[in-house]
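Two complexes are shown next, each including chain A; its partner changes from chain B in the first to chain C in the second.
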Partner chain A sequence: MTSLVQSVDWVAVAPVLVTALTGLAVLVTDLFLAPRHKPLLGWVTIAGLALAALCLIPLTDGDRATFCLTTGDRQCSYVADHFALAVQLLVVGGALLTALLSVTTVRREALPAGEYWFLLLSSAAGAALLPASRDLATLIVALEVASLPAFALVGLRRGDRGSAEAALKFFLSSVVATAVSLLGVSFVYAATGSLHLDTVAGGLDDVDPRLNALAALGVVLTLVGFAFKLAAVPFHFWVPDSYVGAPLPVAAYLSVVGKSAGFSGLALVTVVAFRPYADTWGPALAVLAALTMTTGNVAALRQRPDQPASAVRLLAWSSVGQAGYLLVPLAAAGYHDDPEEMVGATVAYALMYAVVNLGAFAVVALVAENRPGHRLTDHRALFSRNPLAALTMGFFLLCLAGLPPGVIGLFAKVAVFRTAVDSGLGWLAVVMAVNVTIALYYYLKWTALLFATPTTATPTTTPAARATATTAPAAPTPGTATPGAPGQATAPTATGSTVAGSTATAAREPSVPASVPHPLTAAIALAAALGVALSGAPQLILRLASGTLF
Partner chain B sequence: MILTAEANGFLSPNGVEIVFLLVGVVTLGAAVITVTTRQLVHAALWLVVALGGLAVEYLLLTAEFIAWVQVLIYVGSVVVLLLFGLMLTRAPIGRSPDADSENRWVALAVALAAAATLVTVVADAFRSTWIDLDRSVQGSPEVTGESLFRHWVLPFEALSVLLLAALVGAITLSRRRGADDAPASPKQER
Partner chain C sequence: MNPVNYLYLSALLFTIGAAGVLVRRNAIIVFMCVELMLNACNLAFVTFSRIHGNLDGQIIAFFTMVVAAAEVVVGLAIILMIFRVRHSASVDDANLMKL
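Right after this comes the complex of A and B.
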């Protein structure tokens, strides 16, 4: 007689478990730490996430499964196959970079440290559980574990009306989406009598004809919750406000790890569970993909560079556009004979996007150290102030656009493109090509802004600006009229409304590179190193795009 | 669940079916009054009737565990929380004519569309399906607990993380900055 309870393979669940336990440890430690030792918690978080990433190494064979049923066909709730491992690497790595970004933010904005790190870690644990779960109950619970702490993180900036409003909006709409998803799951369960993805696929294969409409509606409704997390149009309206209202690292986290929760859930339910209904979700996802990328890119195009938080808004809308590209291989899977082959392209693209987008957010955070407005115009002439930061930002933006030297961005886009063409979705490939071109415009405009000369009016004042820059620290009172007057002259015309603020910052700018916090530098360096390594050896992630991951 | 209507006639209902329908009508009526009444406290109390009616429906279907969960969580805590919320925010107790939203026609349209879709789909799928209530009990706490801790340990554990995160998140969001600083200052003095 076999055991009545499920056996647990602790090594297989280690990446998730380590993340969650670190979160608990941080929460408890926070109680006993004196306020001046609180920054330690950030480093504990980073160490825990690094450990979780190391826990992926013994699993590389991709053949472990645990939490299996003790009766019947022994379906498992947790499977550590290559798909799960790749997405877990993305989630843990993304959370690690976010944590590096957050160290400074938590201290400077006086966010409650223990709670912040605990919420970040529990959200990451949920997002890491999601790609490995193989039943609808665990999937939905994992999706909620990934997103519920995120609501709190968005609203954490206390005393800020925008932040609280963004959190509430995000919370209400997300809960509605999850409720709709749950209704869909209950319909699917009613039609198939199972929650395990493989059994659901078998059950949907020969569903009672009377239950056909119910099953189809269940399939469509189930997708809603996941599409919401991916911020696919029309479930995207929460994105810009939440990103702007949230602390910057949280926005970066949502754009990468939040999306990974959405697309991995979508990939699992469509390709594994609802395979027999490919003619229902295939066209739905294709339309969703086309709408998402077009809406995101057109809205990104319309951002005015001199508005407050325009850099974050542009990244928010561009992340909506990028979510559209992520959906293309999933839609293609609905038309292809071998749908599992298609998912790899999405995972590869997501890995590229995670590295590059987090890098871009890190540079935005770096620029905000001196000019906290998060405006696009704050990036003007970054090259003359901080050449290294400007070069890395340029690299990240070119990767996002898919142009050399951002080779990896180009190859990942080609991999996505190929899935659409291979499965006969010519129109979607055309829509994507048009969108890539639209996106080129605003990414290149931003890149050009980085390397623009410090003044827009006359290029000849550049030496004057340099002179101001060198004399300003030597001046005894760097806020007075003497350095202020040339500073005013060199201030970009676009920020004319905030001349008073920018004169003060312009005077202090020369001391900038020395005062950059180390964790932020580490985050940028890590992202840049990963981006360059992937551009040098794209096969590292493009390997995923060929063959099946399941 | 059986998919035949042989032993069951639509026009010869037994006692359980009649009670089920009557409770259903009461629940629907209470739900409609909940959203149409102008008095907030009355709305909360009618919600008790609607949610309690659902619990009775669950009991009639022998889903004992779900029925008591419904009573404990929805009637017991959600409605009490609502009433506490009304009291603590000093919301007007009497009639509140301004509690109406401009969006009520949109809400009505959405509600009607959703109800129409659900009723047609579910009724179409299960119109000839009868549950055999005399067979072994499916929804008792014993059956539920056995299935939960034998087959659904992973989501159960994940839920514990979810609830803890929800708790911590709610506390963090509701704490004011002033309240946060106040206990910190005496410590620094020492």
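Right after this comes the complex of A and C.
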């Protein structure tokens, strides 16, 4: 008789394991650390995430699998294929940029350091496990590991009413979505008698006709929990509130890593597990995609620039709109003969979106150093105060809009668009084109605001903002902006000339506010360098959009 | 006993939970109703496991319990925090961030 004990391939699970273990190490170290040494924990986190990213390198062949059954058809619960690796890269990289953003926030807002880093790392571990899991139980557990710490992160600002309310809303709606998802899984299990995705696909192929309705209902309900994480309409109500109430880096994290958990889960259950029911989930996802992008973009249009936190609110609604684009290839997979080919466009788009959205959040954090209101009007004439930051922000916004010089944004949108056209979803392609045009308006308005003349500036600043604004120009420090320069000096092609020009401007007119925190500068520089590198060599991620990842 | 009866019970529990989530206004009650929904799923899993004669359903039920326990930890902490700030646990009072 063969042994039932499963062997574990530690190298394959290393990226997830390193992230989780770093989280535990940080939590324990926190107990023995004097308060003045606490900032060290942030750097341990960053090092751990970098190590986790390095652990992806030996896996690049994409042929490893572990936690396999020793009997029967030898189904595996954890597969490190190219899809899993690409999403894990996104998750670990996104968490790394978030950690860089958080170093300053944790210190300034006096958030509990040990808890903050532990929660961030555990959530990242869950999100990294999700794309590699190949059975429904692991998927649900990974989804919860990614979500539960995120609720606590949103509510971590002690005594802050907005933070508490944001956490409550996010929490209650998310657990309801999970419960509905779990009911869907139980129906699918009832119809197929298995939880492994491949066996489920086989089981759904020849379902007992009497169980047909049950299986279809199970398929649709299962999508709910993942659509919630992706913030697809109508499961998006928590997004603007949670983003505004949460500390800014956590909002950035939710908009990128949270969404990656949603779309990778959706991709797995639809394309791998529920493929025989494509005529059920295909139209459902197509409608979801159309609703999501339209609602997100129209709501983003409605944001008034002088309201408190309007910049974060606009990014929140734009992230809902972007989630709609992420859904388009998944919906297209429901109509295409070879659904696995479609998923790559989503992954490529998500990688592009992760880089530029985190970059945009980082610049918002930078502006908030002097004007903490997170208003859009705080960004007026950023170019005259900090040209480098204004140029990078303009680049990120143009990438999100999909205009040159944000070449990568354009190419990723084209890849997504092509999947819709290829699978005969003409109407969805039209809806997407209309939405991209709507989105142009508010992205370009924001970009124009960055380069507006400073003469009409800020009649509505708060007393605190005015105080910092008057003290800031008093201490010009020419060196503060330079850490951003080396990353961008290497920028190839289209944007290279403008960025080089901006470096010269920065040297000539050193009106940069005093003491921009270095981790924040590093985060912006990293995001900008990645964005520019991808714009120069789009094939780096567009390669994913051609051919299958599974 | 016919396993289908357990499915009826499970469906009833889930419906009670879902109705409670939609109707009740106290955050703690809403949260208890969510737990009811999760436990209804557990019962369904165990019953389907019995019908199919394999153990997958029972195993996922255990994982659901762990997940539910973790949810309780985070959820009660959040509800406690909001009660401290506002001296009320009603979800209707959480209106600070209306659009």
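FYI, the second predicted complex is superposed on the first by the 490 of 550 C-alpha atoms of A that agree within 3 Å, B and C clash if a C-alpha of one lies under 4 Å from a C-alpha of the other, contacts with A are read in each partner's own complex, and residues count from 1 in each chain.
The rule we apply is simple: a contact is a pair of C-beta atoms (placed from the backbone, for glycine too) under 8 Å apart; a residue touches a chain by one contact, two chains touch by 3 or more.
The shown structure was predicted, so the numbers you read here are calculated from the model rather than taken from an experiment.
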Touching partner for A:A166 - first (chain B), second (chain C), both, neither: second
Partner chain(s) touched by A:L69 [first = chain B, second = chain C, both, neither]: first
Partner chain in contact with A:V176 - chain B first, chain C second, else both or neither: second
First, second, both or neither for A:S133, with chain B first and chain C second: first
Touching partner for A:Y78 - first (chain B), second (chain C), both, neither: first
Touched partner set for A:V141, first chain B, second chain C, both or neither: both
First (chain B), second (chain C), both or neither touched by A:S123: first
Contacts of A:V516 with chain B and chain C, given as first, second, both or neither: neither
Contacts of A:A152 with chain B and chain C, given as first, second, both or neither: both
Common ground on chain A, meaning residues reached by chain C in one complex and by chain B in the other: 137, 141, 144, 148-149, 151-152, 155, 158-159, 164, 167, 190
Complex contacts: residues of chain A adjacent to chain C: 136-137, 140-141, 144, 148-149, 151-152, 155, 158-162, 164-169, 171-172, 175-176, 178-180, 182-183, 185-186, 189-190, 193-195, 240-241, 244-245
In the complex, chain B residues that touch chain A: 3, 117, 121-122, 124-126, 128, 149-155, 158-159, 161-162, 164-166, 168-173, 175-177, 180, 184, 187-188
Contact set on chain A toward chain B in their complex: 4-6, 8, 20, 23-24, 27, 34-35, 67, 69-70, 77-78, 112, 115, 118-119, 122-123, 125-126, 129, 133, 135, 137-138, 141-142, 144-145, 148-149, 151-152, 155-156, 158-159, 164, 167, 187, 190-191, 208, 210-211, 213-214, 217
Sites on chain C touched by chain A in the complex: 14, 17, 21, 27, 30-31, 34, 37-38, 40-41, 44-45, 48-49, 51-52, 54, 56-57, 59-60, 63-64, 66-67, 70-71, 74-75, 77-79, 81-82, 84-86, 91, 94, 96-97, 99
